[in-house]
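Common to both upcoming complexes is subunit A, partnered first by subunit B, then by subunit C.
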Partner chain A sequence: MSTDQTVLGTAAAVSQESSAQLRRRNRSRSRLGSVGFHVGSLALTAVVLYPALWMLMSSLKPSSEIVGNVSLVPTGASLDNFVTALNGIGGVSFWTFFWNSVILAVGSVVGIALSSSVSAYAFARISFPGRNLWFSLMIGTLLLPFHVVIIPQYIVFNNLGLVNTFVPLLIGKFLAAEAFFVFLMVQFMRNLPRELDEAARIDGAGHIRIFTAIMLPLMKPALVTASIFAFIWSWNDFFGPLLYLKDPALFSLPVALRIFVDQTSTSDYGAQMAMAVLALIPVLLFFLVFQRYLVAGVATQGLKG
Partner chain B sequence: MKRFTLKSMGVAAAAALVLTACSGDADDTDSGEAYDPEAPVTLTFTWWGNDDRAERYNEAIALFEEEHENITVQGTFVDWDGYWTGRSTEAAGRSLPDVMQFDLSYMREYSENQHLLDLSPYMGEQIDVSGFDDALLQSGVIEDAQVGLPTSTNTLALFYNPNLLEQTGVDAPGEDYTWEDFNEFIAAVTDAGEQTPEGEAIYGGGDYTGTFWFFLQWLVQEGKTPFNDDGSFGFTEEDMTTFLELTASLRDAEQVYPVARGIQLLPLGGFTVNESASEISWDNFLAGYVADSGTEDIQMMPVPTGSGGDKAMFFKPSMLLAAGANTDNPEAAATFIDFLLNEPEVGRIFGTSKGVPAVAAQRDAMELEEGSIDATVVEYEEAVADHVTEPVPVPVKGFGSIEAEYKRLAEELAYGSVTVDEFVELWFTEAEMATQ
Partner chain C sequence: MALTDRVTRTGGLTATPSSSALKRRRRGAETRAGYAFLAPWLLGFLALTAGPMLASLYLAFTNYNLFSAPEWIGLDNFRMLLADPRFAQSAKVTVIYALVGTPVKLVAALAVAMLLNNARRGQGFYRSVFYAPSLIGASVSIAIVWKAMFIDRGIVDQIGQNLGFDAGGWVGNPSMTMPMFVLLATWQFGAPMVIFLAGLKQIPAELYEASSVDGAGPVRKFFSITLPMLSPVLFFNLLLETINSFQVFASAFIISGGTGGPAGSTLFYTLYLYMRGFVDFRMGYASAMAWVLVVVVGLLTLIFFRTSRYWVHYSGEAK
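And now, the complex of A and B:
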């Protein structure tokens, strides 16, 4: 017993001294490593962020200094481009374009959150005839290239007199036509324990009750992920608004952005850069606010329940 | 399973019904009713262009609505690429706008598919064409139908930058210069070895054989008709080889503006960043050149003389106006087209921003300041009028894609990844498919 104690005692004495040394060495090594890591990361970030930074700095330069110039520093920085961009195009104010983009983006988020979750519930929890077939058909629509459906779609909306309104751009989102989001939510819901809705059923809850009281609260991560994607995709969508919106007062930002650069007449690159910066801010803010949900949402998707 | 089949058939049948019902509606255009010039009408009108053009059009539309109180014009605009994406989708749905700004290169394609209204019944009625030159009017005719009316004209010009020439000590070519003289000029400027203040080398010019329209101009000078009435080509592989070989020695000696730098500068070019002393282009590019390069002093002269001793230039109609074949109000559309073509006030609003107005009344209405860009372009077109002896080659169907293919191959040629013979072979293979 006593020998044991002596052995332990010497060991403790040795370790006390060397561990302090070790810790010190360790700390300096980790400090060196962390400096290296951060310098490396910063260098990589600089490379990746250079185009964005170039856009930001170019928005402060006069048009003639922008194209073919890789330097970041403007010779004479001015906010003139922002003034031009905020003045709008052809008598339509910048805020009109901005507001249109907001309506489209928020409409998409609401539509997708509502319709996709309901459809997903049906696919994941209700057993109805041909469910697997309908499910594969829905997944099949993901394989259809956008360009194949665009003309028939246009003809239908045109004959319904809905061109030049926001309806063609939003109606699909309210009818769960975005298969990707339905699929995302079905997968999420399949991983939720069935015992929960069975318990609710025993307590006498119907589908509506189960969906609203049990499923929806549990689906928060999936809903947030879908909303973020829906917002960003709608905000950046160029082709849809280009085809369906004819009146300049209905244009969304990406369409308006293109008008500054027209090869057949004089192009105002400065104003385009300024407007691009202004158009980027909301989507950037949106991402910053929701990014932890986004990461959390995507991470949950990967887990087996 | 059985239930599913029945259900899906029902859905399919319903969808088919909706589609047929709709297409039935779209087909009947009521041409039977007599036109009432006082009836309230809404016209849709679309153009491509920038902010500046939009403001000018809005001004013109306001003026038109003031004069024709029963007609409301809904104007809309996007950039060039988006414009044609939009039009092709609308054409598929037979829902083209009532009036459109149109380009020569797309006209045959749209006309052959019956998307454009034949305006000849309205000429002399709503549309006054007395101010037009006959040859110019003909450029809007495809298979006996007047599907487009040009609002303005462009012609090719050699632009050069006198400041760069002064720096390099090379004189601008004389007016009777040939393509060979032009080559020597390019080589001389490049060989001077001067640099811009930013340290970039100064070149004499780009490889002009890379632009399809210059090839057409050269063919016309050689006495050939580039496109026959039946849509076939009036030139052979040998013609194209000869044209591409014009600058072979410049390419080999790397005396033309380097393609890599040119692509880096897109959508600007060597000429607009003051690194290249000359460029052949359409005369209405002057405004853009002055704005982009920041150089006030840019001179224009006619294109080189061909082997026949003749410049054989042509006026290319630009910014044509066309009406959609599906329009419900052809008379009102014609009235609006007439207003844009003939109203002197419209000429004043636009100046030469769309090219030099085709109708004299609009040309005269422009308030030209001595030495302004508008005045320079108008003076240029007046000065070269003697050289303009040929009608414009009316593009074949699929012109847009064969022109794009030519440009793509020219880039490959400049990079040295294809030879002239391969270029010609590849282009003809592609062109035969595209123009069928």
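And now, the complex of A and C:
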């Protein structure tokens, strides 16, 4: 301890000393801890990634080699399983299912980005009677089990002759029915400086102009986050397509996958794995490209995967 | 306002309309603009949420099979629910899953979040890798993989046998399907982990430093600082994960081949509702099931919020 420090009050000196000691102890502990941390994290990474890697490797193995084979490395890798998977089911090619999934996912993204941002603007930037009531109802639907609306929705779509079309699967996206996305955008918009709209208003801009020229460009991060989740959720959705798509030519990948599992003999795991891998590839690509947005979206909004 | 109105009416200020009239006109324009922008959500809310909710409430008191008109039967659906062993089974499976799966998943999420929070390097990498299963865990693809891993003589069975634990195939064993689903849930610990991690970063480091000076050990720090400071995030995760656990469908459907078997051990609530409503077309009965779930979720949410003041710590200045 230097002399000028001893001049200070004893209490301060004591706290100085103990914090210096503490720092020293922490440093040596953290060096040890750092090794332990990486060993632990890598072990956990291996466990977490194992099912995905096993799926990928199994898709390259003949079916006889899959069951009970812990090893990831195939004895002789082949793409036979993928050939079977790409043949599709009952004369409908894999690419038809893939294309249907793409239409549904892109439709969802467009619908959700449009409808949620427009509605969020009303909640965040316009004051009108009834706004608070609608807003609390919107928040209420965040926790509402979807079970309570699917039966009447199905009845109505059935009566309108819309079963076996994409309409029931997409209309909700264009009507901001998923409150998560509206909420996400309201939160984002509330953090944008109000001076921007006020300045634009003084210059004579109306709401449409403020929304399109000022808000939309600034909302890009929220729009990107919402779009990624909208795409992945639509891509993985099983319940909706199972209800509404009956004609194999309209199947999205998850429904096709289910039929494929039912039809291929139970021991033909290779082809099932290959099709499962193909169905996940777009999600994994999205994840690799946008993982920062995804993780940030989850951290700030509590969105679920 | 009344005064200026009168002045306006007398014609004294006709050339320049009074500010209040202008304000009123502007308020009217704001209201119209508000509802115009709100229109997509409002239409969706009325047509796809509120309307169907009321309709299913009505259907819950009817016998309806989609082909003949609904027949009012009063409380019969609810009486049948109480006497239906399959319904009891589905409620049991779902409640056990929620009570076991949610805590296990959240403990794993918190443990890993605390591990990562101390990392100097590689935190972003691990965070992304651990989050990935949350994106695909509920997909059909992963359900197929899970089934293949847990079948008789599958890899999990092999590993178990090597460890002297012979459970056979978990998929076909009614007492092992629940652990299999809990593992599938736990594998998706990434989403709550990311939220915990964001919460941990909000805890001021001075709190830990001060408690170190006071001689608190890691256990004491965890219970006296980490847990209370993290309780709002814990509350959020617990509520969301509990409600999510009622929604299990694709994995149960694929793994059991749409039957909820073996012996009803994978008959999750949503799966049974689907079977009743869309396989048997007993839509009144399924609507009654849906409303039972709404009431349960509503009560749970209420209990969570009511009890939160006793265990959730909201600090005034958690920077």
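Heads up, the rule we're going with is that the second predicted complex is superposed on the first by the 238 of 305 C-alpha atoms of A that agree within 3 Å, B and C clash if a C-alpha of one lies under 4 Å from a C-alpha of the other, contacts with A are read in each partner's own complex, and residues count from 1 in each chain.
In the analysis below, contacts are C-beta pairs under 8 Å (C-beta built on N, C-alpha and C of every residue); 3 or more make two chains touch, one makes a residue touch a chain.
Values in this document were obtained by computation on a predicted structure and should not be read as measured data.
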Touching partner for A:Lys246 - first (subunit B), second (subunit C), both, neither: first
Which superposed partner A:Asp268 touches (first subunit B, second subunit C, both, neither): first
Touched partner set for A:Pro145, first subunit B, second subunit C, both or neither: second
Touched partner set for A:Ile259, first subunit B, second subunit C, both or neither: first
Which of subunit B and subunit C A:Ala177 touches, first, second, both or neither: second
First (subunit B), second (subunit C), both or neither touched by A:Trp95: neither
Which of subunit B and subunit C A:Tyr154 touches, first, second, both or neither: both
Touched partner set for A:Ala276, first subunit B, second subunit C, both or neither: second
Touch count on subunit A, higher of subunit B and subunit C: C
Shared subunit A surface residues [contacts with subunit B and with subunit C]: 67-68, 129, 150-151, 154-156, 158, 238-239, 242-243, 258, 261-262
Of subunit A, residues touching subunit B in the complex: 63-64, 67-68, 89-91, 129-130, 133, 150-151, 154-156, 158-160, 163, 238-239, 242-243, 246-248, 255, 258-268, 271
For the subunit A and subunit C complex, residues of the former touching the latter: 15, 18-19, 22, 30, 33-34, 37-38, 40-41, 44-45, 48-49, 51-52, 54-55, 58, 66-70, 114-116, 118-119, 121-123, 126-129, 131, 134, 137-138, 141, 143-156, 158, 171-172, 174-177, 182, 206-207, 211, 232, 236, 238-239, 242-243, 253-254, 257-258, 261-262, 269, 272-273, 276-277, 279-280, 283-284, 287, 291-292, 294-295, 298-300, 302-305
Residue ranges of subunit C in contact with subunit A within the complex: 30-31, 33-45, 47-53, 55-56, 59, 66, 112, 115-116, 118-122, 126-142, 144-146, 148-149, 151, 153-155, 157-159, 187-188, 190-191, 194-195, 197-198, 209, 212-213, 236-237, 239-240, 243-244, 246-247, 249-250, 253-254, 257, 270, 273-274, 277-278, 283, 286-287, 289-291, 293-294, 297, 301
Interface residues, subunit B side, partner subunit A - complex: 1, 3-4, 18-19, 22-23, 25-26, 44, 46, 48-55, 57-58, 74-82, 85-86, 89-90, 92-93, 95, 97, 264-268, 273, 287-288, 291-294, 353
